[in-house]
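What follows is a pair of complexes built around chain A, which joins chain B in one and chain C in the other.
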Partner chain A sequence: MKTLGRVALYTALSIAAITFIYPFLWMAASTFKPPFEAGALGLMPDNPTFENYKVMWARAPFGRALVNSILVATTITLAVLVLGSITAYAMARLNFRGRPLLNAVTTAVLLVPGQLTLIPLYTLIVQLGWIDTYAALIVPYLFNATAILMLRQFFLQIPQSLIDSARMDGMGELRILFTIFWPLARPALAIVAIFTFMGSWNEVLWPLLVVREQQLMTLPQLLTVFALGGGAGSLGVSLAAAMILVVPVVIAYVFLQRYFIESMAGSGVKG
Partner chain B sequence: MRAEERSGWFLTAPFVTFLLAFAVYPILFALVLVFLHWDLVTAPSLAGFDNVRLLANDARFWRSVANTFVFLAIHLPLQIATALALALALNRPLVFRAFWRAAFFLPVVISGAVVAILWSSLYATDVGLFNQLLTRIGLSPVPWLTDPRTAMPAIAVMVTWKNVGFYVIIYLAGLQYIPRSCQEAIEIEGVSPWQRFRHLTLPSLLPQTILVVTLSTINGFQLFIEPYVMTGGGPLRRTYSIVLYLYTNAFSYQKMGYAATIGVALALMIGLVVAIQRRVLGTAEAL
Partner chain C sequence: MPSVTFDHVGKRFGDTSIVEDFDIQVADGELLVLVGGSGSGKSTILRMLAGLETPTTGTICIGDRDVTALPPRERDVAMVFQDYALYPHMSVRENLSLGLRLRKMPKAEIDRRIGWAGEMLGLAPLLDRKPKQLSGGQRQRVAMGRAMVREPSVFLFDEPLSNLDAGLRAQMRIEIGTLQRRLRTTTVYVTHDQVEAMTLGDRIVVLAGSRIQQVGRPIDIYRAPVNRFVAGFIGTPPMNFAQGRLGNDGGTPVFVADGVRVALGRDVVDEGTADQPVTLGIRPEDLRVAAAPHGAAGSPDHALAGRVVLVERLGGTSHVHFDVGPHRMMASVTSDQLPDVGDSLAVRVLPERVHLFGADGRTLRT
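The block that comes next holds the complex of A and B.
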């Protein structure tokens, strides 16, 4: 009976795992199939080909989109880490008038759904003349309230004595932050880095609003426009384009899955 | 002024500036836009209550609201059931636990745009994976995304699949807090596994269930990329989501005032629905 239960459990788990993994394997396989094979259930292409990748690469600037995505996501992640730490440090460890208000406003901002501010932000970007610029993709994400509150929570746990003795040694606040707090806060920084990078890497609604120039599009945006606009022409070509977006993430995920799960599950738990 | 006071202000000044420009100002300006007509080309003009009145009588808007509730009615129970079942399975002593967990979480890390494109091909009527499986077991193919009756349920199933790994993690965390002593005591009493689930596990997990309901409701109200990519809101506008309608008004019709009004209405609806859900589930907790 016990054995039977375990067999049932592992069978169920395997079916579930296949459900989650098989579509991605099928997607990868389909990119190597010629159009007449595209719908086949099997994973092995009978007539393997790189044609889909060649067509995809020739029809839209995916190389450029990859560069754009890396540039935007990296800049945002670095900014959120550096600027966010500075803000969180002050909000956690420095006494100044207005701090309680700042903490309250930061928390309140998190509760406002993004769709409320989407249009006013868009009109702001238009008025600033930032449509079709990197600034439109980057500047509204330079700070992240979730990241600041997470880092603040972490910084609160570091003993005051460390700060006091550093100040005694004549260290400034920024040096204390980057030479004492940062090494201690590595896990928190990793969590913030992953969800910030992933959020930016996968974001598509905001770029769809503020970028129309193909050369400035990020990967998910160009992919969406390409697949919808019929530029792809066939399923294999669309999926080949999707692969550029997925492969780096999957490689990172395989090596860092524990951090990914902790980071992405943790960042959602803010309500 | 004390040095600490000065540092505090100096170090938070960039964030305060950012908050004012990219959070406080847009929130206030959203409320102003509700009372404006603005196409971004000509000067904005006062609209009075035009936008609000239009919203109240706009069948397309209310269609998208109804669609959202159809989505939630399928998505919420399915999301809770699948997340709970997978979490319970993972909570047992297992070999390769990390592998199973990572497999379930995989779709969470993949871009929604990719998932939408991938599932469009899985749902395709003629060559899609699902219909090939159906025809193989002798059933007739279903036009998943082109039949107004199946399109939204199909999207709801896909979103459940994409997010379930996230909610499994939440439930797993909750399961770890059910005291072993409770479980052992109840095993000695000789109650059936179903009764144990019904009277110990499920009530203990209520805080997690409230969280799952809240997050997936907010997520459901923000549905955009899936209908945008898979159906364009069709067939018969049955998958037109609120955010897709907001986007269309802003981007295709250049109606900033009306789009902002939809945004404000959406925020209010999310707040209201989540408050009601918490109230109802909170009462369940008291029982």
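The block that comes next holds the complex of A and C.
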């Protein structure tokens, strides 16, 4: 009976796993199929070809878009980590006037849906003359309330005695943050980095609003314009463009995944 | 010249007073222990000396330098924390050397100091390990080593033994005492454990309710506590107390309470204190126990009549708990002939060891 239950469980899990992974594998496989084969459900192309990638590359500046996306997402991620952890450190560990207010405001920001600020933010960007610039893509995302609150929560768990000890060893606050807190908060930083990078990487709406120049477009934006505008011409080419979007994220995730697993037990050594 | 001077130091957080009028000089090379319960302000005093808190009033000097407003790194003090506060991601060597590297000390000198401290504390084989890989006692030694390599003018210890088990605590207590006597570095040591205070301190400061209760050599405080709090706090097992009145029995001053009548061997009763409510205090080792014939009563020769409720046999000594009227008392005895539970006892009080406390808790007489 026990064995039977286990078989049923694993069968159900396998079906679920296949259901989840199949469309992705199919997409990957279809990018290597010629147009007449594109609709087939098989995972192995009968006539493998790189034609879809060549066509895609020739029709729109995807290389440039890839560089744009990497530049924008990396800059935003680094800024969110550095500026966010500085803010979080102050909110968690320093005493200053207005700290409760800052905490409240940061939390309140989470409650405001992004779509609500879209129009005021757009107007602001126009006023600043930042339309069709990297600044329009990057600056609005430099601070992230979710990241600040996540890091603050993690920083609150680090024992006060470590800060005291570092101060007595002669460290200033920034050095404490980057040489003591950062190594201990690696799991939290990794999670924030992954979510920030993914969020920025996949963002379509905002770039569509503030960038019209094709050379400045990010990858998902160009992909959207390209696919919806009928520029692709065939399913294989559309999917090839989508692959370019997905692969870096998958690689990044595989690379950072170990930080999720890495034990959080390292923070605060007690007897 | 005193090594550390607290000049009427006070600390408030909002409306709450944590430390009031703390006024102490610590002599060069002295080990001063601050002892008190939680909320007595002892850790705050240490943190103010370290520069981690700023006094609300008063000044703190190290040597002849006023350090009240200086940040921790400019004070030439090093601290050992209760939870050791070792950097978990750094090796023992990095933990030891970090403070020196930040002070731009030459590498050769850093190595010399780590070698010296490592040898003194037996850390040499552990230098490349992470704190996680060390036992509690080893972490404790690393924390001490980190303070030692700084060669500071003052050592601060903040309840350094609280996280260790009993056996290791006793061992590390001896090591700290030995080390301090070898280095002769001025040391301020905070603890809630009066045994640590008694065994380690050149002098003890007993704190309660944000204020100094008594300052003195351990044995002086033990023998002559200035109030009931200190009497009850210092000494294990703790002092016995009985509430009653002072009386006069044909010219002899006596302490009288329900079931208790103790003739006092000295002239403690004057006009002001006669018939006042007082508390009698007597340490367990100052009681002499003998089996008594049934019905024996307290007599003027300093005897109490009690009934045994519990006997704790510790080996060398035993604790005999007994009731005298409404008072539960305990005698510490070395005799092999221990009474059994339910036995009647005649307990003799050593009159010269009796403590008397007035209604305000202060010790009567001098």
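The definition used in the following text is that the second predicted complex is superposed on the first by the 248 of 271 C-alpha atoms of A that agree within 3 Å, B and C clash if a C-alpha of one lies under 4 Å from a C-alpha of the other, contacts with A are read in each partner's own complex, and residues count from 1 in each chain.
FYI, a contact is a pair of C-beta atoms (placed from the backbone, for glycine too) under 8 Å apart; a residue touches a chain by one contact, two chains touch by 3 or more.
Being a predicted model, the structure only gives us computed values, none of them experimental.
**Student:** Have a look at where A:183 lands relative to chain B and chain C in the superposition and call it first, second, both or neither.
**Tutor:** After superposition on chain A, A:183 lies in contact with chain C alone.
**Student:** Answer with first, second, both or neither: which of chain B and chain C does A:170 touch in the superposed model?
**Tutor:** Second partner only, chain C.
**Student:** Please indicate which partner A:161 is in contact with in the superposed arrangement: first for chain B, second for chain C, both, or neither.
**Tutor:** Only chain C is touched by A:161; chain B is not.
**Student:** Counting touched residues of chain A, say whether chain B or chain C comes out ahead.
**Tutor:** Result: the larger residue contact count on chain A belongs to B.
**Student:** For A:134 in the superposed arrangement: first (chain B), second (chain C), both or neither?
**Tutor:** A:134 contacts neither chain B nor chain C.
**Student:** Which of the two partners, first being chain B and second being chain C, lies in contact with A:57: first, second, both, or neither?
**Tutor:** The answer is neither, since A:57 touches no partner chain.
**Student:** What part of chain A is shared between its chain B contacts and its chain C contacts?
**Tutor:** The answer is residues 268-269, 271 of chain A.
**Student:** What residues of chain C sit close enough to touch chain A in their complex?
**Tutor:** Within the complex, chain C contacts chain A at residues 47, 50-52, 71-73, 77-79, 81-89, 98-99, 102-103, 131-132, 136, 139-140, 163-164.
**Student:** If we count contacts the way the header does, which residues on chain B are in touch with chain A in the complex?
**Tutor:** Spelled out, the residues of chain B in touch with chain A are 4-5, 7-9, 11-12, 14-16, 18-19, 21-27, 29-30, 33, 38, 40, 86, 89-90, 92, 94, 98-114, 117-119, 121-122, 124, 126-129, 132-133, 161, 165-166, 169-170, 211, 214-215, 218, 221-222, 224-225, 228-229, 242-243, 246-247, 250-251, 256, 259-260, 263-264, 266-267, 270.
**Student:** Hey, which residues of chain A end up touching chain B in the complex?
**Tutor:** Residue list for chain A touching chain B: 9, 12-13, 16-17, 19-21, 23-24, 26-27, 30, 38-39, 41, 83, 86-87, 89-91, 94-99, 102, 105-106, 109, 112-124, 126, 139-140, 142-143, 145, 148, 173-174, 198, 201-202, 204-205, 208-209, 220-221, 223-224, 227-228, 235, 238-239, 242, 245-246, 249-250, 253, 257-258, 260-261, 264-265, 268-269, 271.
**Student:** Provide the residue numbers of chain A that touch chain C in the complex, in ascending order.
**Tutor:** It comes out as residues 159, 161-162, 164-171, 180, 183-184, 266-271.
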